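After this come two complexes, each holding chain A, first together with chain B and then together with chain C.
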Partner chain A sequence: MRTTVPRFVLKAVGYALALFVIFGPLSSLVIWSFAEKWYWPHLFPQEYGLFYWKKVLGGSMIRSLILSFEIGVIVTILALVLTVPLSYLLARYNIPAKAIILVVFLLPQAFPQLPVFTNTMVLMYKYDLVGTVPGVVLIHLVGALVFSVWTLVSVFRSIPQSLEEAAINMGASRVRVFFTITLPLAAPGIAAASLLVFLYSLDEFTGSLLIGAPFVITMPIYMYNSAMGYEMQVSSITALLLMLPGLLLLFLLEKYLKSEYLASFGRG
Partner chain B sequence: MEITIEHLYKKYKDKPALTDINLTLPAGSFTAILGPSGCGKTTLMRCLAGFLEVNSGTIRFGDQDVTRLPPQKRGTAMVFQNYALWPHMTVYDNIAYGLKLRKFSKQQIEEKVYAILKKVELDPSDVRKRRPTEYSGGQQQRIALARALVLEPKLLLMDEPLSNLDAKVRQRLRVEIRNLQKDLGITAVYVTHDQDEALSMADRIVLMRNGKIEQVGTPEQLYNEPQSYFVSHFLGNSNTLEVTHRNGKLYLGEQEVAIPAEAYREWRGEGDYLLVVRGEDISVSFGSEPPPGPNTVTLKGIFRESLFVGSGYRHWVQVEGQSLFFHSEEKGVEKGNCHVHLPVRKCFLFPRDGAQEDLAR
Partner chain C sequence: MTNLASRIAGTALVLPAILIVGMLFVYPFFLSLINSFKTKDGWGLQNYYTIWELYRGDVLYTIWIAVASLAVLLVFGILLGGFLRLHFNGVIEFLFKIPLFIPFVVVGHAMRVFLAPNGTLNALLSMAGLISLDNPPSLAYTSAGLIIALAWKNLSMALLLMMGAFRGVDNSYIEAAKNVGAGRLRIIFNVLVPMAKGAIAVSSVLIFTSIIGNFSIPVMMGNTSGPQVMMVDLYYQIVYQNNYGVANAIGVVAYLVSMGAAIYYLRMVTKK
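Here is the complex of A and B:
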């Protein structure tokens, strides 16, 4: 007689493996963030403690964190204000220069970021924007607008036009239809788009370094600086903190973002 | 309210979608616009609703010229194929939307909404809580109908409203829509590709093809007196036989078809014709040739097969290599040589040239 391994054991092993592959590398970040003394050749730290957490959360790091969130919020609001109407127009109407507009939006992404941002920096020096928060916001918008238009055009396309026509037919003006029908229906998609944009801004590195540093230090720049200075604990904690919004997004995305929002972009 | 359409033209880019449409819809009438897909029926309806701008021609609602009026100002109400109910609102809010636009008081809105719910036979108990997506397809179309009718429109436009529903619900809603329309006395236009729907619901049918009107008339007129090969072929279970007029007589292959001159819808002299006869008018007999009757054309044929189709049998008969199909309740027991009888009054003859395009289908 052959003994079979119970299914749940196999399942448990599978989950354990998956967890190890995903969280294994991350666990070193967690260990580092609590290590107060860790020298070679020890496999694990000799002393654990909250010293670095306290140091990070009490020090200059918290300023970077707040700044990053502020910039993220400003970038998100600006991106939405600019792209919600634009995406709606692109999704609903046959605008003559539609293809050109879409290409213009994709263009900065088509080239390596570094030369694009370096050129932008030259331009920004002219207007005294380098090293200022508005400068960083602007450089974030370059990428943020792309993400936003990409998602929102698809969001608006996924709303059947007949839903709007039904309201127009009853006598509602275009503006009223937009605010009472289209916008409420697009809300989950817009929420997803704003999360994408917010996260992009939070994690943006190249542009922030070129335009912002050394006066505007966002979280990624802060992490970069501390990693460069071999402050393993500080950069680990920063990395962990930067991951949190990403995790939050994953949960929200699952709830709101339909895959067709991304897939239908550029169709039609 | 009488609707008048005169010399209406509509093009998409350079492709003509509607060509010289002239039509009068009497007040209170139920008109079905029927035709195959791509015939322009939906385009015509969207022109009436104002969603499409016409290239030339006029549309009048009563005495008012609405050709250049935006859709918001036309006072039509439209029912869509996909219902187009707003999923983020409750059923009540869906129906009340238009009333709120018209600035009715809360109490008036409530009265009107509940009155119309009763009319379309919808359970009013939880319309304030439930959203349209929680209802079945048939119920959703009732909600959509209520939403359109609550505004007491001058013109009710319906764009294939039943085509997403299953057969039983469709049958029932046909009758209900028709009764509601007569009850409220509104002028209605109903776009459909389903001839049963058009024949059973409409006072008048407008049969369209390639952006043009083929024939307008009552369902009986269209069915019994088709004016073109397309109309005769499109409606009903039609069979087409290719025949030739030569030396003063009509031939099907080598057999003479003894048919009087009045069967010709259009006389073009000698040449090829198409003989159309509906399945329900065909009968078959076996044995010796019966005496020729004055009102019947008799042809020699071969009975091939009977297929069971539930309500009866579908029979396949060949005459000179050309196939005829018809329906009857009994199964054909004999096979082989037979006589096919066609009532003269039910045979329609059309010139073959000009109908080539339809034959290819």
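Here is the complex of A and C:
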């Protein structure tokens, strides 16, 4: 006779599996961050403690953390100022050379970053930008501008054109319509886009490694260096701190992060 | 405002962003194409011969890693995406969005620790009595470990893309299949997948390209001896050999491999 597994059991197994797949790998970081003594072949650390947390939070990691946040804020502000007008024009008007502009912003989506960025690095050497904060800001801006343009174009396209036309028919200028009608309606989308741009800059690795290291050490580079040097606790704590902003963003703003905004996010 | 003045103002507003991406991506992109033909004594195909001699195995290895990760992601994306299309579940959907928000380097490091011989996975498996820790299997620094890490990081992307593809299938088809008694798996494979074929193909191309271009996960997870993926070869050519010619030629081969996505994006632009 066939016995059927009760539904709630299947459901519980499904949830357990999903939780394991997602949090299993991340849990290793938590265990390592508290491990003070952990010798092979013990399954789990022999001694737990906050020693390494205190060491990392009082050490040079903090400088990388502050630097990464500063670079992230500058990149986000620059990306917004430079792409809000451009995205609006791309979404609404047939501006001259539109096809060329779109191709410029599509190339970075379609092709790998590393082979291009090595050539960008050679260019930046000529202008003494390698190993400087402006150099790192510029290399972050490339990805940030591209992501920001595509996200904002979809934000502006989602605003009904009829509202703008109504205001124009009543005699308002196009500039005034943009600031009083379009911009307020687009504000939530622009806010979501800017948080994602900030996160992109915070997590950016390839460009920072080529242009910044070893003089400008952002947080991902700090984490990478300590992981490659087998400083397990230091790298695990840095990794946990590094993933915190992204998780916070996801937990707090999940409903604002429409899937079309995420389509081109998380490539690198 | 006169027409001319508004044109000038418009140009001034849009030009900086275009110039930055143009100067720092489009121009170096073409430089990499040109410089791949530059050799010590002039111009020629020498760099490509070097790739044929030294790296043809690595090119195939890269494609194999990307295809294997993509296969894992397609099975996962189609099953879970299809299941969520039939039964909405906000918690599961939310859980699988998390990998998108974890930085690449963190994924690389977490997977190294998780899959190591004395890592958390082996600890759990040995507690369950499935493996013996006297002779523990290690997935870190193997191709399997690399595939697991790349697939994990792209779980969200695969799920979002598949859910988007299945959302395009009209409810009436699903209802009709249910009415004639089709189970969930049959609905997924006989209704949803055939009807979303095009969207699934496009999603596969996009996921494949993003895996080919990934550098941070393979540089942390890749095996120390044996084959490497192209991006790691390229990086080592720059850092250890200082050979930009060969590095650029590897880059061009990578562009060719990711051509599918480029064609898709170009078509999208010409359509609009």
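By definition in this document, the second predicted complex is superposed on the first by the 238 of 268 C-alpha atoms of A that agree within 3 Å, B and C clash if a C-alpha of one lies under 4 Å from a C-alpha of the other, contacts with A are read in each partner's own complex, and residues count from 1 in each chain.
The rule is simple: a residue touches a chain if its C-beta (ideal position, glycine included) is under 8 Å from a C-beta of that chain, and two chains touch if they have at least 3 such contacts.
These figures come from a predicted structure and were not determined experimentally.
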With both structures placed on chain A, which of the two partners, chain B or chain C, ends up touching more residues of chain A?
C
A:70 in the overlay: touching chain B, chain C, both, or neither? Say first, second, both or neither.
neither
Is A:128 in contact with chain B, with chain C, with both, or with neither (first, second, both, neither)?
neither
So, A:160: does it touch chain B (first), chain C (second), both, or neither?
first
Between chain B (first) and chain C (second), which, if any, makes contact with A:110: first, second, both or neither?
second
Applying the touch criterion given at the start, work out whether A:32 contacts chain B, chain C, both or neither, answering first, second, both or neither.
second
Name the contact category of A:47: first (chain B only), second (chain C only), both, or neither.
neither
Now for A:185: first (chain B), second (chain C), both, or neither, which partner does it touch?
first
Which partner does A:171 contact after superposing on A: first (chain B), second (chain C), both, neither?
first
Both partners, chain B and chain C, contact chain A at residues 173
Chain C-touching residues of chain A, taken from the complex the two chains share:
14-15, 18-19, 21-22, 24-29, 31-32, 40-41, 43-44, 82-83, 85-86, 89, 95, 99, 101-120, 122-123, 138-139, 141-142, 145-146, 149, 173, 175, 199, 202-203, 205-206, 220, 223-224, 227-228, 232, 235-236, 239, 242-243, 246-247, 249-250, 254, 259, 262-263, 265-268
Name, in rising order, each residue of chain A that touches chain B in their complex.
160, 162-163, 165-173, 176, 180-181, 184-185
Complex contacts: residues of chain B adjacent to chain A:
49, 51, 71-73, 75-78, 80-82, 84-88, 97-98, 101-102, 147, 151
Residues of chain C touching chain A in their complex?
1, 10, 13-14, 16-18, 20-29, 31-32, 35, 91-92, 94-114, 118-121, 123-124, 126-127, 133, 152-153, 155-157, 160-161, 163-164, 209-210, 212-216, 220, 231, 234-235, 238, 244, 247-248, 250-252, 254-255, 258, 261-262, 264-266, 268-270, 272
